[in-house]
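A, B, C and D label the chains in the order they appear, each numbered from 1.
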Amino acid sequence: MRLYEYEAKKLFSRDGIPVPQAEIVKSPEDARNFAKKSGKPVVLKAQVLSGGRGKAGGIKFALNPEEAKEKAAELFSLKIKGFPVEMILLEEKVDVEKELYVGVTIDRLNYKLVIIVCTEGGMEIEEVARKSPEKVKKINLDIDEKLYQFQAQSLVKWLGVKGEQIRNVGNIISSLFKVFKSYDAKLVEINPLILTRKGEYIACDARMSVDDDALFRHKELSEMGIEKRHEEGEMTQREKKARGWEIPYVDLDGDIGMFPGGAGFGIMGNDFIHYFGGKPANFMDSGGGPTPERLAQMLILLDENPQVKAIFGARFGGISRCDDFAKGVVMFLKEHGLSKPMVLRMTGNMWQEGVRIFQQAEKENPEIFRNIEIHGIETPIEEIAKRAVELAKKM
Amino acid sequence: MRLYEYEAKKLFSRDGIPVPQAEIVKSPEDARNFAKKSGKPVVLKAQVLSGGRGKAGGIKFALNPEEAKEKAAELFSLKIKGFPVEMILLEEKVDVEKELYVGVTIDRLNYKLVIIVCTEGGMEIEEVARKSPEKVKKINLDIDEKLYQFQAQSLVKWLGVKGEQIRNVGNIISSLFKVFKSYDAKLVEINPLILTRKGEYIACDARMSVDDDALFRHKELSEMGIEKRHEEGEMTQREKKARGWEIPYVDLDGDIGMFPGGAGFGIMGNDFIHYFGGKPANFMDSGGGPTPERLAQMLILLDENPQVKAIFGARFGGISRCDDFAKGVVMFLKEHGLSKPMVLRMTGNMWQEGVRIFQQAEKENPEIFRNIEIHGIETPIEEIAKRAVELAKKM
Amino acid sequence: MAILVDNNSKVIVQGITGGAGRFHTERMLQYGTKIVAGTSPGKGGEKVFDVPVYDTVEECVKNHQADTSIIFLPARFVMEACVEAIYAGIKFVVVIPEHIPIFDMMQIRKEALKHNALVIGGNTAGIITPGEVNLGIMPDIAFSPGRVGTVSRSGSLTYYVADTLTRTGYGETTCVGLGGDPVLGTTFDEILWLFEKDEKTKAVVLVGEIGGVYEEKAKDTISKMKKPVIAMVGGLYAPQGKRMGHAGAIVEGEMGTAQSKLKALEQGGAHIAKTFLDIPEILKKLGI
Amino acid sequence: MAILVDNNSKVIVQGITGGAGRFHTERMLQYGTKIVAGTSPGKGGEKVFDVPVYDTVEECVKNHQADTSIIFLPARFVMEACVEAIYAGIKFVVVIPEHIPIFDMMQIRKEALKHNALVIGGNTAGIITPGEVNLGIMPDIAFSPGRVGTVSRSGSLTYYVADTLTRTGYGETTCVGLGGDPVLGTTFDEILWLFEKDEKTKAVVLVGEIGGVYEEKAKDTISKMKKPVIAMVGGLYAPQGKRMGHAGAIVEGEMGTAQSKLKALEQGGAHIAKTFLDIPEILKKLGI
């Protein structure tokens, strides 16, 4: 889960990392006031969670208060990856002598924490690392290992920092590592770490992602208003509706509605539809052990989607039980009916009960099962996927 | 360096350890007010740093406000190991069902942190441990090792705590360990940890010592007013004078003034005097590399002491240089003269310069060297000690 | 023969008194899994389906020589429970819950390596040695004893693979779910190597999916194995996922895409299956 | 022959540009100690008595194959400096400053063990192999090459012992100061064992003093040694010192008194000297 730049900077600054004089503003007028108070050229940075802010025009400069107001107004009318700009971080402009990069992240492959520095900051660091690996240096640490100051300082010396500043920049790295550890971060980055013309080092941009799953032990973040949040761009109406129901859902541009069980199969099922010549209309995940209500909601999303011509359903009952699955489908069919053909495969835990629920419901309301084909373990899932493609093509 | 009980409890409580309702009072009137406000029987505990408070009558109980005032007045007129009682910790009396012991300290032998629990609290735990080792259980951890909750809980279960309270008391141990680590402690103890009649656990006494040498990194302690402090009992006038000069000095009951170089030799020299039939009048340490001024002060302490009949001096110049030593002695002799015989041995770093300084001074003021015998490396230190005993006996 | 669990495994359930713990304990017992004890701090002395409950894992090991554990607890308690099991001498732990904090998983991994234990999960459907022991939440119906080992990050894909192997008569030796969380207790390598050494296993099916780096890491192990590995990777048609910032890209490079995974697995010498039905075809061609 | 340091030791001084560092560098150089480099972060490139200064220990090791370090820095910087030296590959570190925080010393001890290095101090006068290398603040005059090794917690007692051995013609192989701080990088055991294995050392003098637990710990080592150990303990007539509370008493028991130390050393088989002059007497009786 990503933090806003200004939030990351607040955390960095608390642990002693120097950041520019700054203020969060929510109106062009406030931007003007900050610039006036500061009396210096300012930078205006749209606060959004998505990447590519620079390319999207989300960063502007202003030499005087009036210009600051103007530029702020421009930013507030901007949308970046679908998100309207609602906050701008105003900072005093820093005179740049040199730009470095410092970051900490997790190396999942080797189960290490990694501290990374690069002699070139302010740019796409992964490009630099790919083209000129000699410009990048790393230290790996175990999860419960200390970062000694001398280790941080040796990175700093390697970066070419001289004299008294070795200790200061070493402290910046130590602090950054401390922030990383204190908040269960997945990533903290200062890019660029600026050497000013005055010879000081200052964190000009800050990036930080924390582990959503560890938020429960960071009350201090929720006290700062940092709660679980969404990073995706502008959502479709349907995606918003799905989010309201807490269903992971993404619209795609095909015509087969995917009603899968299990995240793994959700991904693989999408490939299968492609292999057999079809195109899915969506991604969806039921989550572990969905209730009948949630399953019914999932079907509502597909049924209401005019793009969807046929529905491909699969349930292999594990932690999700087939009886609940059948109940959810029947609940939906009884309340809404289904306007599109659907082919389903259901097996796994409690499959007998699932079959019984379907049979009972069909006996009571045969008309609602008109468009529906239900298979069991005897039919390979590939056949079901093929059939879904066939059904969609027929429509 | 030991903390007052109330300070330790403040730190314990901050990290979530339950402590009794309490207040520090500095007058009998305040004691009455607390008891009135509380409306319950109270305990009055003299806040002193020395041990043996209970035996010295430093803990009293009161059933009502008037009694609290009375008992407080008694305590305020008390001296414990020479220290007047200046603060009393007033606490609501706790109904005791059972008393346990929990502590954390350092095992220097094995370079481990040790968490200790004992099924019998409230008494001299080392006695229990000696007589009934089966009542004590320990966990050893490396300096940078985690204490897992399950480890704390396994100690708690071993103590015989049941049900829901296992987690609570486990948390008390975890918190105590956290306090230990957070403040560079040498010791933290809850003795007793009380199980109340209501079934709750509460830290009724708290003991904590921190590492003086690590105080520099605990601003939070000095913000609480916890600075380097003295734990010794009432000092003699001379000891107070020595403290004013920051000279480690203790009066003993013999008649040979000890003017040693080096802490190690200070201890061994004391034994030597005993071996040869004498008795030292003091312990003293010059500290590493004393200045001539300090050496002169050391001699003032001995010269002014009427008990001292002769002075035994030794300097093996290491980090302390012989030239500085000679300068200090000469400075003293010139300004004060010496009323007692003194035998000295001086060798080690810069001994030639030392000898030269003495020779020069003797040439200028032969009379001040009348009572003084100065030896070099050719005379064993044992001979010097014997001579000092001899000189004292002659007086 | 099987890997990691068989009918000699003495299993405990950590969190046996909770809803999921209770439900799956019954299911696993019905399958024949030897559940010798369960834990629930503060509830020692109770019984769940005749299985004795203790406060600590230590007691389970002392009284029942338990060697294997399965955890059904809220994510925030998993690290403690898992390390408790490892410290008590348990050599194999199955972590069913999802959303374990990454730092916790790294701590678990470290303790497991240090104490020579193996942890699978978090967010795994578990492990099954068909006909002997079902340790987790996998549906019995998909599995039958046989001669192919499977390892996958996804529960549902494990079921579909086993379903296919069962339907086509190959059956499975052991099916291992590594788990779907971003940082896992065990990676493909370690499981592949156990299958390599298992007599009864004739071939291994590895199912990967987009995201993470563990499939790429398996390349070297596969190239050292004598037994054939059949690999399948989901997500070729999935939109590109998110990356962990610049630093993540430096550390993980191009890893994480289905293409990168397929390429690595193929370079390691794995036979690539596109659909489940390809698996028996390939096995047949290999003469298994 | 000698232990730990000889005229092949390539020494660096950490904190060489400080007052004490500079003063003792000159002294040590005069004695013949091979000081190949010094460190002082931010002062790399300077020189002190012709000794090149670097920012990091790593550079000293790379450019001068340094293998030994002596630290003259304020106590609060010692842990970092010491671990830096150990990580850079230095195998022997002498910590002169006193008042090192206990937790820091424990961290140092842990890293030293892990990296197979040895640290003496804090609050040591250093180590000297007479005629070859003087690493610390010990006065040259007390020492002469010879055949007895000495180990002590106190600087001044080291001088008096050496003074006696020198005056009586025995001389010393190596004299080791363990240091006076409450928690030390190295204990008697390790040094005794090195003397046991050193050809030239014919006997060892161990000087202990009241407080701490390291003398008691030496008992087992002494009992396993073939070479005679002569032990002296200061503090028989000192008033009882303070103990570290109840917990300290549980952990350390009765250890720490001069009596307890003398008893343990005698039980281990050491010959007890009361005064320095007893030492040559005992050596003579032993035929050394």
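List of remarks:
Convention: a contact is a pair of C-beta atoms (placed from the backbone, for glycine too) under 8 Å apart; a residue touches a chain by one contact, two chains touch by 3 or more.
None of these values were measured; they are calculated from a predicted model.
In summary, the chains found to touch both chain C and chain D are A, B. By the touching criterion, once chain A is set aside and every other chain stays in place, the chains still form one piece. Our note on geometry: chain A versus chain C, Cα centroid distance of 26 Å, whole angstroms. Here the CA centre of chain A is 57 Å from the CA centre of chain B.
Across the assembly, chain C contributes residues 107 that each touch 2 or more other chains. Residues of chain A found to touch two or more other chains are 144, 146.
Taken as a contact graph, with one node per protein chain and an edge wherever two chains touch, the assembly fits none of the named shapes, being neither a line, a ring, a star nor a complete graph.
By the document's touch criterion, interfaces exist between A-B, A-C, A-D, B-C, B-D. Chain B contributes residues 144, 146 to its touches with chain A in the complex. Taken together, the chain D residues at the contact with chain A in this complex read 41-42, 55-58, 80-81, 83-84, 87, 107.
For chain B in complex with chain C, the touching residues are 146, 148-151, 153-154, 157, 162-164, 166-167.
On the side of chain D, the complex with chain B involves touching residues 20, 27, 75-76, 98-104, 106-107, 109-110, 125, 137-142, 152-157, 159-160, 163-164, 167, 180, 182-183, 207, 209-210, 212-214, 216-217, 232, 234-239, 242, 244-253, 255, 274-277.
Note for the complex: chain B touches chain D at residues 101, 103-109, 111, 114, 116, 124-126, 129-130, 136, 138, 142-144, 184, 186-187, 189, 191, 207, 209, 211-214, 216-217, 231, 250, 252, 260-265, 267-268, 270-272, 274-275, 283, 288, 316-319, 347-349, 351, 377-378, 380-382.
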